[in-house]
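Below, chain A partners chain B and then partners chain C, in two separate complexes.
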Partner chain A sequence: MSSDVYIAGLGAITAIGNNVAECFAALQNERAGMGPITAMNTIHRDKIPVAEVKLSNEELAKMGGLSAELSRTALLSMVAVREAISDAAIADLDKLRVGFISANTVGGMDKSEDFFVEFLADNSKGKLKDVYDHECGSMTEVVAVALGISNQMTTISTACSSSANAIFYGARMIKNGLLDVVIAGGADALAKFTLNGFNTLMILDKAFCKPFDENREGLNLGEGAGYVVLVSDQVAKTLNKKPYCKLSGYNNSNDAYHQTASSPEGTGSYLAMQGALKKAGLQTSDISYINLHGTGTPNNDSAEGIAVKRLFEPDFPPMSSTKSYTGHTLGASGAVEAVFSILSIKHNMVFPNLRFETQMHELPFVPETELRTNLQINHVMSNSFGFGGNCTSLIFSKI
Partner chain B sequence: MAANTHISATCSISKQSVSKNGKALFTGTEASMPGFLVEVYKHFKLNYTRFYKMDSLSKLGWLTSELLLKDNFDKEAYAPAEVGIVFANANSSLDSDVKYMASVADIPSPALFVYTLPNIMIGEISIRNQFKGEAAFFVSEKFDAAFIEQYVNNLFDNNIFKACICGWVDVLGNDYKATLFLVEKGNGAIPFTAGNMN
Partner chain C sequence: MKMYIRAATCISAQKTFESDGFLTDFIEYTGTRLKPIEPDYSKYIDIKLARRMSHVIKMGVAAAKQCLANAEIEMPGAIITGTAFGCMEDTVTFLTRIVELNEEMLPPTAFIQSTHNTVAAQIALMLKCHNYNNNFVHKGISFESAIQDAWMLLNEDDANDILVGGIDEMVDTSFKVLTRLGLYKRWPVSNLQLFNTPTSGTIGGEGAAFFLLNNKPSADNLAEFNGFKTFYGAYESEALEQQINDFLSEQGLDISTIDLVITGRNGDTQNDAIYNNLIIFKNKAQANYKHLSGEYSVSSSFALWLASNIIKEGTVPEVVMYGDINNQSPKTVLIYNHYQAKYHSLMLVSAC
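Then we have the complex of A and B:
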């Protein structure tokens, strides 16, 4: 019953690349994806940088084989899901029990925002089809129906840890013998809803974000999608190529402290990392790299850093926040960073934390500032901590 | 399997008065809702500075839950994950949504923004008591006691929690009404039924 869970395929689309290979190249070449807002019609256009995927809805729709009228969240999702499935290349996929567990936080909000411009001016106006797919669950359904996945389909929305939890949940379904294959991850498109919300909370940096820097001023919002194909050990044996790695540990903890802030001592983050290590049967010294949540907000990086300090002191593995490339892709971030963590294992590399200058006064460590290659990367911890105190850590392990 | 559950306490705050287990405890003099909520806080000598940061909905829900649990709840008998909260109301967080939208014209207020979801009230009560059990918030035009009975008992039946605070907390403008029930397992004088909630 208790199968190991292997990663058989990867898919990603972010501001630094339209597929995994492009993202990987950008990670190595230190090419960040932020820039001025070009797509959204907002008063913040020239004031706040974001990390946009560099394709229009029409281009995404064409790549994914969906209607360009759908929410950008669903369009991003479809592109990365198709890549992950194709990468896994599982023979006779239609004969297996396949689940689709997809996360997002904005749902079809981009279309709803269009609808309300006309509707508020005249409540007999506005295209109702623009609000039809407003719900987060609609994003999952659109993709699952197009792909014909019917064994299990569910949506997880737990703020910034959403897609890490989707991977976590997918793994548990395989471990318990309920599914053979799970496509797990998440997507989120930029929306005024999230831009204005984070702006209200005063945690958006007006320049490119500087995670884990003493002088960090906030996050940059990003968009994208990331998916992994999880398979049972039985399916792993039938693959034409070696799986990337195993998902060996996972934990979700909550510090029940504040709606939108972590406790100063990072209790939730600490418990999540500790729980994931325990689940994997590993010690802190076994971790080769931590892909930090590292949003670049004063609160997150301080709380996460203190939790890492408490758990790992005195020996710290290499660490970095790849949000310095992709911005914070919210519901997609856990899965996008899971993909990057898996690339770290596959290529024995640690990606740098861009724009880092000054060590945080409360921390005894600094993140990696240059690409490191030829390392022995055995176990990577990927952190995703969300509003509401919803903290998740995943651990991927070399086979 | 039918849940064997009972109501071990009830607390209501509405129309400038507080009652518990059917008995009037306090009648205030403040006509405005915000003034009355502070009056209740002071009258019962509650001491939780976080109270002053909350929006009106959370203040009302928090006060009702504090008075509900006072003297009637053995917190030590339950693990944090064994206590759940199931609330409903008609106006969601609209009272705070309207205030937040008014602030957007000037500088959007982070302090108002964080309360623009009704389940934040459940979070406030959970933080206060360190409850970590199942929580849900439903929006319906009127209190649907039959639905709440079925929903809560189903969670008891499936061992999702061992105690639950459920009921109605609604605020809009100067209108407010809260009635909460503490539900626990076993036989009691008042069985947990829709009829007994109404």
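Then we have the complex of A and C:
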């Protein structure tokens, strides 16, 4: 029960890179991934920037070895999962109990919304193959089947904290002795459904987002996938290379304030961060870097900032929101940022919070604005908060 | 570690929610889709709030609140839900408006409430419950995944008195699409004759079932939840029997110690053949439930509600009995359900 869970492999695909190495290079070079909408057929095309993965469905399908007719969410997932497994390079994986725990927020919506146009005009129309994989669970199933994983698979959907929850659920399956290896994370592709949804809430910035800035005006939607390979103590000993780090702390708390808005005092965020520290047996002073949820919306950054202030005051670790590079990748964001947090530990770096100009009036701290290297990064906290008050914090620790 | 079912509630097409009897007074429907009997939601939800809520949210919140009341628990240690389709009504509403209004001047409410975790979130919001809150969306094992999470929380000693639910709603749009995908029968059928009309397709359903799970023995508990297992893929009968026998032996049991098997027969010839072909079930007392609940992705939550009450009441309602062998007062009940021959689920409950 008490055994540690280690991170043995990483995979990521976002607007700033098609794999972990490319993402890492962009993070160091301060290269953001936002731009005009090119793929979606929407009236918002030239008005709202997004952070698109720079590959077509056909290209993704080829990389992942799947049909290009599947949802882009499944295609993104497959590419990052393959990278993570290949990176972990676990010998005799087929002899171990392997699970796949994935997350997303709208399943195959990119296909369903195409189906729906024809269906709405005539209920006997619309290509059924476009709606067959509508369910969130289908995204996971398609990838699990391609990998030959049938021991254990499931899908978590808790809005923007989905894949952070998937990672620590996977770790708990190992701690409970149910599995040896878990590939955990999440994926989400851009969809008109989510673009219009966030647009109706008036929380999309018409320019590139400015997380934790006094004059921030909202988030940029992004897409991508992130996965980690979690292994048990036993498996970690058999690896040919040292694991990246361990997952030392985690907590899921609910803000219980409003369906979409965060409480002004950031109750859920505070409880999640505090709970993760307790689980890891750490003090606030042990945290070397916080990868903030930092969406860039007035509400999130204020609530999260106040929660950080209440918990960490008076000494604040370096902080940044890497959503200033990738946009908000929704169901993928927790896992993408977990990967970035792990890179921070591996390379002893803190990535900057792009486009920051003005300190928020209610906060006594500012995010990092330049790449910081040669630090001693021992423990990184990664925050992911979502609609429905779902707040999750993870802590990764150097070994 | 032991896990107990302290309370169980179920909103379904039968009188399972606000009824004194235990399926003694059952309803016959003719068609290919069963709709739940709506409780008086004003007992659970402020009317102004309820007006903005979709059907699945109302069902989920009402079933959850009544479950807590039955368990005499004010604040659960965790809230975990399973739902394959999530909030379909709001999803369809928002999709329709995107098309009809050409992405302009859309009202946000449907989008806000379309998020898959809305039911678990709304329960937390109403209770002001800041504890662990999770939601699983994995097709035919969404509910079982929620059970798995609860079991781990208990095993880790990180939470107790865990509220777990299975919820899914069927709306006209999803029913039409799933009908086109061939899930349902092509002609209306009496639900009470479902197993006497073995043709292709089943009848659609929806519902909400909630459970309060803890590790505290009590005479008030409905049943002990001994164990569960899920597995994926197409299985030949022999391999399936192996899975079931392995599961039972992990529980220190074998098939001879099972008093009643509840199966997921749904009236579809191919679906039901999988149960019919299992030799290990041949001489067992059996029960079915999908003629009462209809088929839906988290219908195994209905089966668990049924099993818990069979054990607590010490009686098997006649309307669920199947086959020639009866066991009037089963102490150990095995539920075997498969969803579309891909997702298999085993759950074992017994008298405390």
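By our rule, the second predicted complex is superposed on the first by the 398 of 399 C-alpha atoms of A that agree within 3 Å, B and C clash if a C-alpha of one lies under 4 Å from a C-alpha of the other, contacts with A are read in each partner's own complex, and residues count from 1 in each chain.
To be clear about the criterion, contacts are C-beta pairs under 8 Å (C-beta built on N, C-alpha and C of every residue); 3 or more make two chains touch, one makes a residue touch a chain.
This structure is a prediction, so every number in the text was calculated from the model and none was measured.
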item: Partners on chain A (chain B, chain C) - clash or fit; value: clash
item: Chain B versus chain C as contact partner of A:F208, first or second or both or neither; value: neither
item: Chain C versus chain B, contacts on chain A by residue; value: C
item: Colliding stretch - chain B into chain C, listed as 22-30, 40-48 or 76-84; value: 76-84
item: Residues of chain A contacting chain B in one complex and chain C in the other; value: 196-197, 199-201, 254, 256-260, 388
item: Contact footprint of chain A on chain C as seen in their complex; value: 79, 84-86, 91, 94-96, 98-100, 102-104, 106-108, 111-118, 120-122, 124-125, 127-139, 141-142, 145, 148-149, 152, 155-156, 173, 176-177, 180-181, 230-233
item: Residue numbers on chain A that touch chain C, as the complex places them; value: 1, 42-44, 105, 107, 112-113, 116-117, 119-120, 123-124, 128, 131-132, 135-138, 140-141, 144, 150-159, 165, 169, 172-173, 175-176, 192-193, 196-197, 199-201, 252-260, 267-268, 271, 386-390
item: Chain B-touching residues of chain A, taken from the complex the two chains share; value: 196-197, 199-202, 254, 256-260, 388
item: Chain A-touching residues of chain B, taken from the complex the two chains share; value: 104, 108-110, 113-115, 120, 123, 126-127, 130, 132
